[in-house]
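One chain, chain A, links the two complexes that follow: it is found with chain B in the first and with chain C in the second.
Let's look at the complex of A and B:
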C-alpha cells in the first residue's frame, strides 16, 4: 500500500481502531475534503492528548507502586531468610561471605568478605569524611598563615567523592543482599541433597553462561566513570553556587537549592528569563530551518542530478561533495571573514557601487541569523544529496510508471510517491539531524561566536547564540559553572522530550510494516 | 587493623615532614612559569641568569610554558592546583584571579621595592584594597592612533581622520563593541565607570555616571563614528585590510609597520565633536604583570617571590623592550633613549596623559559593553532622540550597578 504522508500520520493512525473522541463516524470522516480531514485529524490528536498524558502518568504511578511493592517483598524475604536460616546464614548478615565460607565455597566467601572489608576501610579512612560534608560541601575555609597558604575543605572534591561514596554504598547494599540470597539458595540446595558450586565452576561459568558479565564488565566500568559520574556531578552543580567567586581550592561553594533555575527562568532585568527565551527561540528556529531547508533542498538537488538526460552527473556530485572534503574549521572561519564588514563580499559590492555602506551580515541580529541559515545550506546540502541519491535510486520504477500512465504530473508523483518514501526511510535521520542541529556548536561558534550581543540580552549571550554555545561561553569565558549546568539540564530536557515525542510519531516507527 | 593503619599513617607523616627542607633558605625543585609564546626563550635565559646570581636557588628548575595572557588567567581560575606558579596576565584579570584564590599578595619588602621602582599607574594597577597582588611588568597596555602619513596629514580630529581616509578610499578601524576601546568616548566626555574592589577581589562599590549628558554625548560620538562609511569595527591590525588609520596598541606595531612601510606614524587619539562641543578621546591605560600562585611550601614561595621580582626588574624589562617592544613600567627602563625614540611608545605616552589607569571590572561589564557597542554598530540607536539614548544608558548603568549585589 501507499504510505501515508508524514504529517497526517500522527492523528489518524493513532485512532484507527479506537472510538473517535468527537463521535464522528468513519463514513462522515471519509466524506470530508482533504484539508478538512487534516483539520479533523489534528483535532482528534489534540483531544486525545490529555487522555494519553493521563495514561502515561498512570503508567508511571503503577510502575512506582510496583517498585515499592517489590521492595517490600524483598525486605520481607530478607527477614524470612534470617528467621529460617541456620547459624551460618545468620552470621553472614554481619560478616559477609561467612556462610559461603563455612559451607566450603571459599572463593565466593573470600570475595564477599574482601568486598566488605574494602568497603568499611574506604568509608572509615576516606569516603566517610567526604560523605559527612556532602550536606554543606565543606566548612573549613582556606586561610593564610603569614604568607603561606593552608588549604581548607575542597568543595569540588567533596562533591565528587561524595557521589562516588554514595555509589559505593549502593553497591555495598546490593552485594549484601546478594550475599543473603546466596545463603538462602545454598541452604535450599544443601537441604535438597545437591552439591554446591565451587570456585572452578564459578570461573568456568564466566566463560560460559555468565559470559555476558565478562564481556560487559569493562565497558560498564568505563560508562560509569566517564559518563554517569560526570553527568550526575554536573546535574548537582546546577543546585550549587559554583562559579569563579566560589572556586575551589581557594574558596568554598555550597548548595543553593533552585535559585539558579529561578534566575534562569524568571523575567526581569536581574534575571536571565528574557535572554533565555530569546536564545531558546533562536535555537528552535535554527534547528527547524537547518534541518528542513537542507532536507528539501538536498533532496531537490539529488532529484535534479538524478533526472534522465542530465549530463555530467558525476561532476555535479563531485563539486557539491567538495564542501565536505574541506574541514569546516577552515571553510567556516574563512566564510565568516568573507561576510565581515571589511570582507570580500562587502568590499566587492562597494567597489561595484551597488551599496555605499557595508551590509550588516554579522552585526545586525536578524541579518546574522539569516546569513547563518543560508551558509548552513551550503554546508548541509551535499550530505543530504548523498543520502537522497541512494534512496531515490531504490524507489521501484514501476510506481512512477503506473503514476505516469494514470496521468499524474511531476508534482503529484513527488508528493505521492517520492516524498512519502523518503520520509519513511529518512524519518529517524530527520529526527537525529534536528537534535544534532539543536546542539550544532561548530557552525554557530565558527561563524559568529554568538555575536552580536545587545544591551537587551544578559549573561554574555548574543543574538545567534544557541543554548549550547551560550553554555560554552559560560564555562570557558565566564567560569559560571552553576548557570552552565542549569542550561545543560534544560537542553537535556528539551532534546529528550522532542526525541521521544517525535520518534513515536514518525511513519518509520508507526507504520513499520508498510514497505516490507 | 586500625593499629596497623595508625602506624602506617604516622610513618607517612614523619616521612613527609622529614622531606620538607630544613630552612626557608634556598629551594630546589620545579617552578612552572606561564608567559606568552614570544617570551619563552627570553624567560628561560633570564631564569638562568637569576640562578647564577642567586646560588641558593641553583637547584631550581624552571618549566616555562607558552600560555597567552588571556588564557593564563582563565586556566588559573579553572584549575588553581594544576596551574603555573608564576604567570603573566593583563591587569583586567587581577580581581578575578584574587577572588578565585589564584594570587598571593606580595611580601612587604617586595611591595616596597616594586613601589619604588615602577611608575605610579602600574603600582596602583596591582593594588587591591591595601595589598599588592602582582609584579608590574609593562606599562604599555593602552591604545592610541596609528596612521598612514601619506593619507592622513593631520591626525588631530576624528572627523578629519575619517574624511581624509574616506577621500582616499581607505578605512579607519576602531573596535567600538569592546568595553576597553569604548571608554575612549565615555571617559573623553567625562563620564566614568569604576569599581571598588576589596583585597579579596570582591566588588564593593560601583561608580557609574554613564546615564548623564556626558554619557549621551559620548554615545552620540560613537554612533556618528559607526555611521561613517570609512569606519570599520575592529582593532586588530593583522585582521584589518586597506586601512589608513587604526586605534590599536603597541603589540601590533610590527603589523602596522608592515602595512604602512615608510608612512608609518603614530599619535595620541584624536578629538571628536558632538553638538559643537569638542572632546579629547580618552581610554584605558593598562599594564601587564606577573603573579605568584598561593603556595603551601614556604621555601618555594620565597623562591617564586625572588624569581618574579627578578623577572620584572629593570634589566629584564629592558630586554623585553629590545626583543618585542614591550613598554617598560620600570622608571629607569623608561628613561632609556631607545624607549623614548620608539614612535608607538611615545604616542602611547602622549595618550596616557589623557587616559585613566585601568582598574578592576567584572566580566559582565565587558559583555554588557560589547552589547552596547553591537547595538550601535547594528544601527539600533541611529534614530533615537537624546532622551531615548539616555534611557539606554540608564539601562546600561543599572546593569553595571546590579553587579555589586551578586
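Let's look at the complex of A and C:
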C-alpha cells in the first residue's frame, strides 16, 4: 500500500523486473542502506543503458527494413493491378479517375481528375521552377539598372514554395496510389457481382464511419499550413545564411551547411559559444527553480488551505487565483515597474530611510535573476495550488487517520503520505511544467525583456534571457534568422531529450495500477 | 475537503488491527486540540500575509489609475495614494480612439477564437478519443513532436504566409484569428482526456439504434461535456488578451491593428511612460475587470480542466 517515493523509484523503476547483469540478488539489494541502494540503482541504470540503446537501434533498423519491404510489396501490387486490370483500370494509370468515371462513380472520378489536372498545372507553371532552384536558392541577384529595379531570384520564396511543391508531389503520389487501389477494389467488387458505392454513400459515410475525416480535415489543413510548413522552413533556414545582410528580395541567401551550428556552439570571440553556454545555464536554472519552488510552495499553500478547521477556504483560493485571472501583460508589466529604479518599492524604501540609493532589481544581473524567480512564485503558486487541492482531496482519509494513531507528526505524514502521493500523481505535470518553464516567454519578456544587457554576451543577449527570448530578439530585433533557427532546433532537441528520458522514468506512467 | 469536513471530531478510534474500539486518552486529546488551534492560528497568519502580497499589486494598480495625469502627475511617483481622486485617466481612455480601437480589436479576436478554436479542439479530441482509424497514432505522435518546437521559431515564416493573403498590418485582426485558430488542434489533450472518461457503451447503444456518428457527437457527447466545452471556450477567449508576441509582430507598426497588450506595452516601454503610466494603469484595470469577472464566474470549470489535465498528463 505504501507508495514508493518518486525519486527513489527513478532509476530503479526502469529495470525492477528486468534481469540485471550485475550479479546482485534481490535479497542482497534489499539489505543495503538507503543511500547505497540509490547508488546501486544508478549503477544498474547505467549498465543497462548501452543494452537499451542497442535495442532501440535494432528496433529502428527493423522498422526501416519493414518499411522497405512494405514499399516493395506495394510496387509489386501496382504491377499486378496493371497486368490483371481491364482497360478502364489501365487508362487510370495515366488519367486519374478514369476508371471510377467509366464505372459510374462520377463524383470520385471527377475529384481524382481535377486533382491530377491541378497538380500538373501547378508543377508546369509554378512549382517546378521553384523546385529546380532549391539546390542553390537562386542565382540571379536583384539589381538596379538606371532607375529601374530588376528583381532576380527570391531565395525566401524558392525555399518556401520548394517545400510546398515537395509536399504536393508526395500528396500526388499518394493520391495516384489511392486511385489505382480504387480501381482494383472496384474491379473486384464488380466481378463479385456486387454494387459500387456512389457519391450519396460517400457523403453519408462522412457523417458516420468516416466522420473522423470530416472532423480532422480542417484542423489538419491548418496544422499543415501554419505549423508544419513553417517549422520545416525554419529548420532548413538553420542551414542557410539568411540574416539581415542576406534579405530577399534585395539579396540572395544560400546553403551553408553546418556552419551556423559551429558558430553557435564553439567558443571564442567570433562565435556564440560562451553566450550560448551562459544563456543555456540560466535557462535550465530558471526552469528548475520556477518549477520546483512553485511546486512545493503551491503544495504547501494548498495543504494549509485544505487543513481541517480552516475557514473561508473558497476565499483564500479566489484571492490566489487572481494572478491567473488577470492578464499577465497587465500584472507583470505593472510589477516590473514596481521594482524599477524609480518604482514604488525603491521610492518607499528610500523615503523610509532604509536604503540610500535604489536597489538594482533590474539593472544587476544576479539581482534581476533572483527577482524574476521570486516574482514568478507570485504567478506560479496558484496553478499548483489548484492542482494540489484536487489531488489532496483524493488521498484516502484513513491513511492519515492510521498515521495519526501511530503517532506520526505533521512532518512525517507529509513526507510519508502526502508527498509520495503527490509526486506519483503529478509526475507528468512536473514534466510539462518544466518544459513550459524552459519556454516561459511571458514572465521574462514582460518583466525584464532579457536585460540587463552585457558586453560579455554576444548576439544582444542579456543576463535574464532564456533561449526562447533570445530567439525572439534575434528574429525581431536583429533579423538574424539563421541563428534564431539554430536556437529553435536546439530548444527542440533539449525538450525532446528531457521529455523522453523523464517520461520513461515517471512512475505513474510505468506503474499505472499501483494507486488504483 | 468536503469529505474531510464531515468527519466529526472523534474521541473514539476504531483499531482495525486489534479489532477493538478504543477511546483516546482525554489529556492527549485536549493537548492535541490546543496544538491544533495554535497551528490554525499560525496558518491564518500566513494566509493573511500571502493574501496581502497577492492582492497588493492589483490594489496599487487600481489606486494609481485614479491619479490624474492632467492636474497631478501621469508618470511614476514616489507615493501611492493619489493626492486627489480623479477619473481623468478613464475619461481619456474613453475618448481616445486608439485605445477604443485596441480594445475592440482584442474583443473581436477573442470572440472569434472562442468560437473557432473551441470547434477545432473539440473536433480533434472527439475524433482522437472516440474513433479508431488508420493514422490516428501517427497524428498524435506528430502533434507531440510539433509541440516540442518553440512557438516563436516560425514567426517570420508565418508573417510571410499571412502577408501573402494580405493579413498583416491593416489585416492583422483576421490574420491573428487565423494563426491562433489554425494550430489550436494541438491543444486537444485535456478535452480528449475528458472524452475518454465518457463510457463508450453510450455511443454503441445509440449507434445500434441507428444514429450516425455525427448525431452521437452532437446529441450525446456534447451535452455530457459541458464542463470541458466551457473550459475550452474560456481558455480560447482569454488567451488573445495576453498575447504580445505575435500580435506585435503581425500588426507591426500599424497602431490601428494593435491589441490591448501591444498598445499598453508601447505606452509603458517605448513611449514616454512618464506621461502615460497612470493611463496604462487605467487601461490595465479596464482590461482586467471583465476578464477577471468572467474567470471567477467560471472558475469551477477552469479548476476541473486544469486538475484533470495535470493528473492525466
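Criterion: the second predicted complex is superposed on the first by the 460 of 516 C-alpha atoms of A that agree within 3 Å, B and C clash if a C-alpha of one lies under 4 Å from a C-alpha of the other, contacts with A are read in each partner's own complex, and residues count from 1 in each chain.
Just so we're on the same page, a residue touches a chain if its C-beta (ideal position, glycine included) is under 8 Å from a C-beta of that chain, and two chains touch if they have at least 3 such contacts.
Predicted model only: the values in this text are computed from it and were never measured.
S.K.: Using the touch definition from the top, say if A:244 reaches chain B (first), chain C (second), both or neither.
M.R.: A:244 sits against chain B, while chain C stays out of touch.
S.K.: Examine A:301 and indicate which partner it touches, taking first as chain B and second as chain C; both and neither are also allowed.
M.R.: Only chain C; A:301 stays clear of chain B.
S.K.: Which partner does A:338 contact after superposing on A: first (chain B), second (chain C), both, neither?
M.R.: In the superposition, A:338 touches chain C alone.
S.K.: When both complexes are superposed, which of chain B and chain C contacts more residues belonging to chain A?
M.R.: For chain A, the partner with the higher number of touched residues is C.
S.K.: Please work out whether A:228 is in contact with chain B alone, chain C alone, both, or neither, and reply first, second, both or neither.
M.R.: second
S.K.: Name the contact category of A:170: first (chain B only), second (chain C only), both, or neither.
M.R.: Neither partner.
S.K.: Now for A:360: first (chain B), second (chain C), both, or neither, which partner does it touch?
M.R.: first
S.K.: After superposition on the shared chain, which partner residues are touched by A:61: those of chain B (first), chain C (second), both, or neither?
M.R.: A:61: touches no partner chain.
S.K.: After the superposition on A, what does A:453 contact: first (chain B), second (chain C), both or neither?
M.R.: first
S.K.: So in the superposed three-chain picture, is A:426 touching just chain B, just chain C, both, or none of them (first/second/both/neither)?
M.R.: Touch status of A:426: second partner only.
S.K.: Indicate the residue numbers of chain A shared between its chain B interface and its chain C interface, in ascending order.
M.R.: Comparing the two interfaces on chain A, one with chain B and one with chain C, the shared residues are 337, 342, 347, 476.
S.K.: Could you pull out which chain B residues touch chain A in their complex?
M.R.: Residues 1, 5, 74, 77-78, 80-81, 96, 99-102, 104-105, 107, 171, 177, 201-202, 229, 232-234, 239-242, 294-298, 301, 363-364, 367-368, 370-372, 374-375, 377-380, 392, 395-396, 398-399, 402, 405.
S.K.: Write out the stretch or stretches of chain C touching chain A in their complex.
M.R.: Spelled out, the residues of chain C in touch with chain A are 1-5, 7, 13, 15-16, 36, 39-40, 43-44, 46-47, 50-51, 53-55, 57-58, 60-61, 76-80, 120, 123-124, 126-127, 131, 133, 136, 139, 143, 145-146, 148-158, 160-161, 178-179, 181-186, 212-215, 217, 238, 241-242, 244-245, 249, 260-261, 264-265, 268-269, 273, 277, 280-281, 284, 287-288, 291-292, 295-296, 299, 302-303, 306-307, 310-313.
S.K.: Considering the complex alone, what residue numbers of chain A touch chain B?
M.R.: 121, 125, 142, 144, 146-151, 244-245, 247-251, 269-270, 337, 341-342, 347, 356-358, 360, 363-365, 451-460, 462, 476-479
S.K.: Using the touch definition up top, name the residues of chain A that touch chain C in the complex.
M.R.: 156, 160, 204, 207-209, 211-212, 214-216, 218-220, 222-223, 225-231, 233-234, 301, 304-310, 313, 316, 318-331, 333-335, 337-338, 340, 342-344, 347-348, 350-351, 378, 383, 386-387, 389-393, 397, 401-402, 405, 410, 425-429, 431-432, 435, 439, 441-442, 445-446, 449, 467-468, 471-472, 475-476, 481, 484-485, 488, 491-492, 495-496, 499, 508-509
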